[in-house]
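In this document, chain identifiers A, B, C and D correspond to the written order of the chains, with residue numbering beginning at 1 in each.
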Amino acid sequence: MAQAHVSVQAEDFDTGAEIERLGARSRQIGAVVSFTGLVREILGEAAMELEHYPGMTERALHAIATEALERWPLDGVRVIHRHGRLAPGERIVLVVTASRHRQAAFEAAAFIMDYLKTRAPFWKKEAGPDGGTWVDARESDDQAAARWST
Amino acid sequence: MAQAHVSVQAEDFDTGAEIERLGARSRQIGAVVSFTGLVREILGEAAMELEHYPGMTERALHAIATEALERWPLDGVRVIHRHGRLAPGERIVLVVTASRHRQAAFEAAAFIMDYLKTRAPFWKKEAGPDGGTWVDARESDDQAAARWST
Amino acid sequence: MRVLYFAWLRERIGAASEEIDPGDAATPAELIETLKAREERYAHAFADMTAVRVAIDQDMAALDTPLAGAREIAFFPPMTGG
Amino acid sequence: MRVLYFAWLRERIGAASEEIDPGDAATPAELIETLKAREERYAHAFADMTAVRVAIDQDMAALDTPLAGAREIAFFPPMTGG
């Protein structure tokens, strides 16, 4: 089974380079799917702060990526999640999956994002007056994650 | 409705730049999904030749991308398909979708790839002795496309 | 009427495109019958009709779609892009 | 036992982590009751238990998971990453 490669970092990442690196792992790879999450502008240009649980974050992301490798015939998985202060338009998260089958690559990337939303210990706080507002978890994310449990 | 941007070209493309460009279109975009198709190594290092129907190819890709824009709440769609001689490991096709909702971005990209496989006039010929072999269409591609028709 | 051939249909017929007078042919299927009767290479190329797809004026069509007014007709095997 | 708090639980309690003797508490729920009885800020932070999640030694756990042998316990609201 291929290995998952997971990073939790404050720095930005190079989407194109990550996609190229994963695709170059094997000449049997025909499909590379990527998901890039961006900070949406909710209220003006205010930045947000992404808090996480160092140690557990890496464990949780690795567990999710490994579950994807067990469920689908993948040749590689790459997950990068940023933390700290992020402005609207900035990249937050990258998931890349590589496979010989395009449907496996698509499904695995969607699965990782759905699980990551509800199982990776990150909390978003939107900057604002009164010290900002913690973003509420969304029920739609729970529902999205539930569709993968059989 | 956002506009689809479609290219058919012999030249390679810059995956990272295309993803970044589409994501920067609106500050409401939270999700950018990309699919990159690579030439798999089937029999040794032999290249393949991708023939297409100039004129109809652009029309067909544009129709598929426009259908995706009608079906999902997207902020942008980019499709690039190469033709001509391609060696194993080279990029063939890129589909990028941007949306405020990750599931819309995922589904639209998968839809475009499924339709493209059965509706865009491209034909692959694998190089080899006796002038090479035309790749057979796969029933699984017809089935993948059929799941989107309601 | 301009007729185009792609992939192995092009190779078997030995031409990428040609001008053809459709005569009485009212559909792609009838045009194919006319061509097959004309020369052996067409009979060879169109031997397995389950593997033949057709586009009229660059839109996918069926073998029994009326040709009326068509300027360009293309024959090709199932697509294998992506 | 090391206890960690994140997001608005951290803010309401006024600490990111502390060493706590769990005493007789055998589960996260019992530990929370002990803390709430001790000081008002804990009662405030843990007022709505439907919004509290728990991890034991960096694995997700339930409020009634046995604490036996745990070295690190963390309380936080539902996750909002991605």
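Criterion: contacts are C-beta pairs under 8 Å (C-beta built on N, C-alpha and C of every residue); 3 or more make two chains touch, one makes a residue touch a chain.
These numbers come from a predicted model, not from an experiment.
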>> Between chain A and chain C, how many steps is the shortest route if every step has to go to a touching chain?
In response: 2
> If every chain is reduced to the average of its C-alpha atoms, which one ends up farthest from chain A?
Replying inline: C
>> Taking the mean of the C-alpha atoms as each chain's centre, how many Å separate chain A from chain D?
In response: 26
> How many Å are there between the centre of chain B and the centre of chain D, using C-alpha atoms for each centre?
Replying inline: 48
>> From the mean C-alpha coordinate of chain C to that of chain D, what's the distance rounded to whole Å?
In response: 73
>> Rounded to a whole Å, what is the gap between the Cα centroids of chain A and chain B?
In response: 23
> Do you know which chain A residues sit against two or more other chains?
Replying inline: 37, 102, 113
> Which residues does chain D have that touch at least 2 chains other than itself?
Replying inline: 82
> If you look only at chain B, which of its residues touch chain C in the complex?
Replying inline: 37, 50-53, 55-56, 59-60, 81, 92-93, 113, 116-125, 134-137, 141
>> Taking the touch rule as given, give the residues of chain D at its contact with chain A in the complex, in rising order.
In response: 4, 6-8, 55, 58-60, 74, 76-82
> Can you list the residues on chain B that touch chain A in the complex?
Replying inline: 14-17, 19-20, 23-24, 27-41, 88-89, 100, 102-103, 105-106, 109-110, 113, 144
